[in-house]
Every structure is written in C-alpha cells, then in structure tokens.
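One chain, chain A, links the two complexes that follow: it is found with chain B in the first and with chain C in the second.
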Partner chain A sequence: MDALIGWWDDYFWGAVIVGKVFLCSLSLMITFGLLGAMAKLSNSRIAQNLAGIYTVVFRGTPPILIILLFYFGSAITLTAIAQIIDPEIKFVDVPPFWAGTIAIAVLVGSYATETFRGAFLGVNPGSIEAARALGMSNLQTFIYVRIPEMWRLALPPFGNHMLSLIKDTALISIIGLNETMFVAKQAITVTGQPFTMYIVVGAIYLGFSTVVTVVVMGVEKFGERTTVGAL
Partner chain B sequence: MSLSKIKTLAFGLSTMLAIGTAGGATAEVLRVGMECTYAPFNYKTADGELAGYDVDVANGVAELIGADIEFVCQEWDGMIPSLLANKFDLIIASMSITEKRMKKIDFSGPYRFSTGQILGAKSTEANLFDSDGKPIPKNFDGLKVGLERATTYQSWFDDILPGADIVLYDGSEPLYLDLQNGRVDLIMTNPMKAHLKFLSKENGAGFEFKGPVVDEEKYFGIGVGIGLRQGEDELKGRLNGALKTLINSGELETYARKIFPFKLHKDEWGQ
Partner chain C sequence: MSFDLSLIVESVPMMLAGIGITLKLLVVSGLLGLMLAICLLLMRISGKWYLNIPAQIYIYIFRGTPILVQIFIIYYGLPQFDAIRESIFWPILREPTGCAILALTLNTGAYVSEILRGGVLGVGKGLMEAGSALGLSSRQKFIYITAPIATRLALPAYSNDVISLLKSTALASTITIADMTGIARTIVADTYAPYEIYMSLAVIYMIFTFGIQKLFGAIERYLGRYTKREG
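Moving on, here comes the complex of A and B:
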C-alpha cells in the first residue's frame, strides 16, 4: 500500500471528474430519452423514423467507438464549419469532458428511450379515461396522470441505465480525460504496481454504484408508499 | 441569419468549445501531446507534476523559442489523429521519425536515439539472432512476441519476421505484465526504459535482453523527433534551431543524465 502514498489526491480529483461526468451525462441522458420516447410515440412518421434510427444506431455500436467518433469527429467537423464562417479560426475543439459526456449520454439515452416508451405505454388506460372524465386537459393529464404513473414503471430499468452510465465514464480515459482510470495508468507507469492501482479504481466505482443503487431503492420505496397493499 | 449573428452565436458557443484564432497579441501557446504514462520519458509524478526527458525537451525548446506550453495527455494510438484534428500542435512523446509517419505528419530533427531490443525470461533458451546480429526466423517458432500497437517495433516485426506469433498491446505496462505472467515469451521494446524500469528492478530479475540492439533506419528512423503538422515550416525551423542550441550547449545531455549515466543523442545532430 506504500505505493499509494502521494496518489490519493489524484484519485480524489479523478473521482470528482467521474461524479461530474455522471451528473452532466445523467441530465442529458434523461433529456435524450424523453425526447426519443416522445418522438416514438408521436403521430409524426418523420419523428418516429428519426427516433428509430437513433435507437438502432446507438444501441447497436460499441461505446468506445462512439466516444472516439465524437471526440475526433467533432473537432474536425466543427473546425470545418467554423472556417466557412470565419477563415481566421484555426481550430474549434470540443474538450474531452464534453465530448465524452455527450457521447455516453447519447448512448445510454438510446436505451432510456425504449425504457421511457415502454413506461408511457404501460400507463393504465383507465387512469387516462378517468382524467378525461374529470375534464383534465391533455397537458394536465400528462403532468398529473401520465408522468406519476410512468416514472414508477420506468424506475427499475432506469436504475440499470444509471449504473451503465457510471461504468461508461471509465471509457472516457481513452480520450485523455483525467479521471480515475487515467490516474491509475499514470500511477502504474511510475510505481509499477498495476493491481494496487486498479483495485483503488474498482473501489471508487463500487462506491459510486452503491450510492446509485441505494438511492434508486429509496426512490422506489417512496414511489410505492401509496400503493403498498392496494390492488 | 446575418453573418454577424452567426458570429455572435459562434462566440456564445465558445463557453463550451475552445476556439482558437490565428495570430493575436498574446504570447504564442503551443499545445504539446504526450502519453503521460511512459516513464522515464514522459510521466506524471505522485505530486502531479509532469516529468521526464520528453518534458524537459519540450520545456527547453519552448523557452528558447519564447512560447508558452500546455501539455495534453493522449493515448499512443490516437497521437497522430489528435495532432491532425488540431487537439494539440506538437507531439513530444518519444516518437521515432519514420518514413511511414512522415506521410501524415512532419518532424523536427532528432533529439534522442530510437532503438529496440528483445527481452525474454532467462529460462527461455533460444538463439534468436545469428553472429551478424540478423534474426533467425525459424528460432522464433513457438514463441509468442508481445509488442505495442502502432510502434516502430511492430513495423520491424511485420517486415523482418512476418511469421512470428505476435500479440499486440496498448501501452507498455500491460506488455511487461504479460511477459511476467508468461502470456508472452518475448517482448520488443525500448532498451533504455527496459533497463531502468524493469531489468534493474526486483520484478525483472529473471529476465534479460535476448539479442542485440536493433536500430535499422528504415524502421526506427534517424531517431526520436518532435512531430508537427505538415506545412508548418516556419515553426519547424524554429524547433530545429532550438534543438540544436540544446545539443550544443550541453543542456540536452543534462536532461539524459538526470535518468541515465549516458547521453541519448549524437553531437553531430547539433550541426
């Protein structure tokens, strides 16, 4: 364990970055998932097809490939676009943090799309009829009936998506983000102790995923508080 | 949308994106790409400081040409694509000047020798090279060779020993690990690093060099240089001038002697 002396602070800052990537990509992932699900359930053929392409492409390609494409592709494309507008611009770069965060959010968002879609479809038609009978508008039905029923159905698979998101953050080290995996690689080259260094990374990720699991369990309990015992 | 509106929009985006414009009144900033995981040439210490021969060279050159430097850590596989995608401006990462790489990028003059040598367990009994230092292909039969992907060592094996049983790795640490695990019998790598970080340590006690130092220019180039995008001849000229100054002033030798008991360059490179 002596080898770890001096590396704790690096691991701490690495973990902070993992947390930041997780929170940013989580909010983006929910956005992409909801947009995707709404497109799939909409009456527009175009929106349905676009969402269909989105889920097929991003659920069917390896995460590491998507991250590399976002990182290298974005810089080249954005630079080309920027130079059309202003030839003075030498380069436009998406930093690894945002390239990686957006890549994994888009990726896991494609799974969330299907989860949310299924959950919306699972809303009891009787509840919606009841809302109509009470004279609720579409918007009111959405906010007071569909969403409250839907999130309870979506929560268990959504918890899995959050765990995927946490673990995908480790992949961002390949585009040079200074997160825990990258810290481990740097520490290994200096100390020559791969196992110690990787075990620390494992412990950090276990910590994150435990927190997520516990929070999801808590929220599930909260969601069931009014339905326990009911038929 | 008018042009000025588009420009305003582009400006707003720059909170998230880093947009660089040519020229400007501030001091020149050169972004330098390196692995940051290749001790003793470029690595991060426990204090979070970048250190090593490549880092010293980068700082030395920057001081001489009056530029500010920013280091970017990048995995080896993506080093050249990143330079071409403008993620940084220079590669100072122990990259050998080879013909193959010259097709995509440009290089300064050399600042370090580029060589390879084969390592294996002392217990592995095989005469891999004849008395002239030429490899004997049939003696490689049944031996697994570990190499780093996209390196000079890989090019050398592909051409000289195409029949060899090759296992490719990302990064040098897994290479040494699998040699110790016995998953590969031989590795070819940088002999300076191998001696310092492995053979002279406890882990490396059962291992030795299995052949002579290989430095054929076709594969290993004339040495390790600073990589830059093609067509930046003005910058290249300044880099070469700075490297020559470092060689002639003896500064480059002091960088090497921090780590090794010998220098890592030829004095004639300073002419």
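Moving on, here comes the complex of A and C:
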C-alpha cells in the first residue's frame, strides 16, 4: 500500500475525468436514444430504416472497434477538411475526450433506442386518448403524457445502460485519455506494482457503479410514489 | 482522404486469419463461464447464507468493474506476486491467451449466473407444487422441473450475453493477442487507413453476431417445440 502514497491525487483527477466523460456521454446517449426511438416509431420509412441500420450496426460491433474508428477516423476526416481550407495544415489532433465520449454515447445510444422504443410502446393508449379528448396538441401529449409514463418503464433497463456507459469509459484510455487506467499505467512505470494500481482503478469503477445503481434505485422509488397500489 | 477498396480486399483475409483466436476465446471462455455461472447460481439459490453471500459479492464485483480493468489486473497485475510466478498456474497466466480466457470466463460467469437466476425465478410456482405433490425431492424437482424450464426462459437473454462476450473478446487485442481486432490494429498502424480496415472488421463482427443470433434462434425453437405459441 505504501506504493500508493503520492498517487491518490492523480487517481482523484482521473476519476473526475471518468465522471466528466460519463455525464457528457449520458446526455448525448439520451439524445441519440430518443432520436432513434422517435425515428423507429415515426411513419417515415426512411427514418425507420436509418434507425434500424443504426441499432444493428452499433449493437453488433465491439465497443473498442467503435472507439478506435471514431478516434482515428475523425482525425483523418478533420485533417482532410482542414487541408481544403488551409493546405498548410499537416494534421488535426482530435481530443480523445470528445472522440471517446461521442463514440460510447452513440454506442450505448443504440441500446437506449430499443429501450425507449419499447417504453413508448408501453404507454397506455387510454392515457393518450384521454389527452386527445382534453384537446392537447401532439407536443403537449408528448411532454405531459408520453414522457412521464415512458420514463418509468424505461428506467430499469436504462440503469443498465448507464452502467455500461460508466464501464465503457475505461476503454477510452486505449486512445490516450488521461483517466484512471492511464494514471495506473503511469504509476506502474514508477512503482512497478501493477496489481495494486489496477485494483485501485477497479475500486474506483466499483464505486461509480454503486453510486449509479443506488441513484437509479432511488429514482425508481420516486417514480413509483404515485403509482403504488395502481395497476 | 480516399476510400481504398483494394486495401479492403487485401486486408480482410489478413484479419480473418485471426478468426480462430477470436473463436477460441469465445468458445472456451463461454463454456467455462457457463460452468462458473451454474456454480454461482447453485450457490445463490442454495438458501445457505455462507454460499449465497460470497456468490453475491463475486457477482457484484465482476459486474461493477470494466472488463478491461479485469483483463489488466490478471495479465499485468498478478505477476506482481512471486507466489503466482512460482505456482502451477503460471504456464497459463504467463500467456496472454490464458489470461484473456480467465478474465472473460470470470466476467461472463457473473453475468450469466444472473441471467440463469432470472430463468429459475421465472419457473411457475404451480409446477413446483405439482412436483411436491408427486413426491419429488427438491433435487429431483430442480433437475426435472426447474432446470429444463429455466433453460428455455433464460435462453434469449443468454444469447445476448454470448454476443457481448464476442464483443469483449476484441479487448484481448489490448494484451498483445493477435485476434481479429489485434490484427486490424496492426494493419491500421501500418497503413493509417482506419475507415477501410475498421469498417470491414465491423462488418465481419456483425456477420458473426448475426450467426450467433440465428444459432440461438434455432436452439430456442428446438427447446420450445412442445410449447404452444400464445397470441
């Protein structure tokens, strides 16, 4: 344990980066998931097919491959675009933070698409008819009826998506993000104690997953406060 | 930036050379993981706290940390201890493949045991009562009633886990194993053509995923041949 002295602050800042990646990719993931679900439920054939391709592609490929593709792919694409504007530019550096965050958000968003789609289909048709009868517009029905009913149905699987999101952040260290895995690698070259250093990383991630699980349980309770005894 | 088709034609056979390693990782750790999962399941449903609690802690730890961290702890971390370097397990733990299989087994075992538990909990109470009425012992009830029905109930979720195991095998490339992803990363490092290589590899993985889905679909139909399809 002595080897850990002097590394705690590095791990702390690494954990802060994990938290940042998590929050940024979470909001993006919800956006992609909702867009995907709405496309799948829309009447437009094109939107349905696009969303279908999106879910098949991103659910069928390994996360590491997607992160590598986003990182290296965006680097050469942005370089090519930059060279059109200014031929002097040799190479555009893409920050691993954003390449990784967007990659895991798109990836987990494909799972969220299916969850949200199922939850929207689970909304009681009677509630929507009631909203219509009250003269609510489509947008009002969406905000006041569909969303409040669907999020309770979506929450349990959505909690699992959040857990996979937090665990996927570890993969971003592969493209050089200075999060906890990266800190551990540095600490190992100095101290020569790989087991201790990686166990700390494991403990940090376990802490994150525990917090997410507890929060999801709390929110689930909150969501059920008015439905207890109903059904 | 250009999209080089000849490069794809050239590199796909090179990547497919790694399919044997990917398959080996998938099948060996899938089978070992299933055995581990059954042990964990029996511990959890044994009703004895000294079996149930360790199993629960195990599942909590392995589901709460990223698989990448688990792979690194086993591959880089364990050799920190002299006891392990001198033990009989060293020939396995010295090889990256052995470490990858061990990590994938331990990881998938935790997930699959929860899936199996879901199946066991889904078996109807009435069937168990019928078993008791026929005078079956609890072991007989488990073998002749719970196990066959739980298998059928757990199969769809299990097939998803096999697919995520396939995707996790790609992480073996981070510990120098030349599986399909490992080979692809080497090719990209040489050619710097991430789009061509990674996208064609993604297609290979998708075909793989599709094959697994079809296989499990067939098994599901076979196991469900006596059950009538209900509306």
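Methods note: the second predicted complex is superposed on the first by the 231 of 231 C-alpha atoms of A that agree within 3 Å, B and C clash if a C-alpha of one lies under 4 Å from a C-alpha of the other, contacts with A are read in each partner's own complex, and residues count from 1 in each chain.
Basically, a residue touches a chain if its C-beta (ideal position, glycine included) is under 8 Å from a C-beta of that chain, and two chains touch if they have at least 3 such contacts.
All values derive from a computational prediction rather than experimental measurement.
Contact with chain B, but none with chain C, is seen for A:V94 once the two complexes are overlaid on the shared chain. In the superposition on chain A, A:P194 contacts both chain B and chain C. In the superposed model, A:D9 makes contact with chain B only, not with chain C. Applying the stated contact rule after C-alpha superposition, one finds that A:I174 touches each of chain B and chain C. When the two structures are aligned on the shared chain, A:F72 is found in touch with chain B and with chain C. With both structures placed on the common chain, the touch criterion links A:I85 to chain B but leaves chain C unconnected.
Once chain A of one complex is fitted onto chain A of the other, the partner contacts of A:F182 are limited to chain B, with no touch recorded for chain C.
Judged by the document's definition of touching, chain A residues 68, 72, 76, 79, 174, 188, 192, 194 lie at the interface with chain B and also at the interface with chain C.
Chain contact summary for the complex, chain A toward chain B: residues 5-7, 9-10, 68, 72, 75-76, 78-79, 82, 85-86, 88-95, 98, 174-176, 178, 182, 185-190, 192, 194.
Note for the complex: chain C touches chain A at residues 1, 60-61, 63-70, 72-73, 76-81, 163, 166-171, 173-174, 181, 184-185, 188, 192, 194-195, 198-199, 201-202, 205-206, 209-210. By the touch criterion given at the top, residues 56-57, 59-66, 68-69, 72-73, 76-77, 79-80, 163, 167-171, 173-174, 181, 184, 188, 192-199, 201-202, 205-206, 209-210 of chain A touch chain C in their complex. In the complex of the two chains, the chain B residues touching chain A come out as 3, 6-7, 10, 16-23, 36-39, 43-48, 72-75, 78, 81-82, 85-87, 171-173, 176-177, 197, 201, 203.
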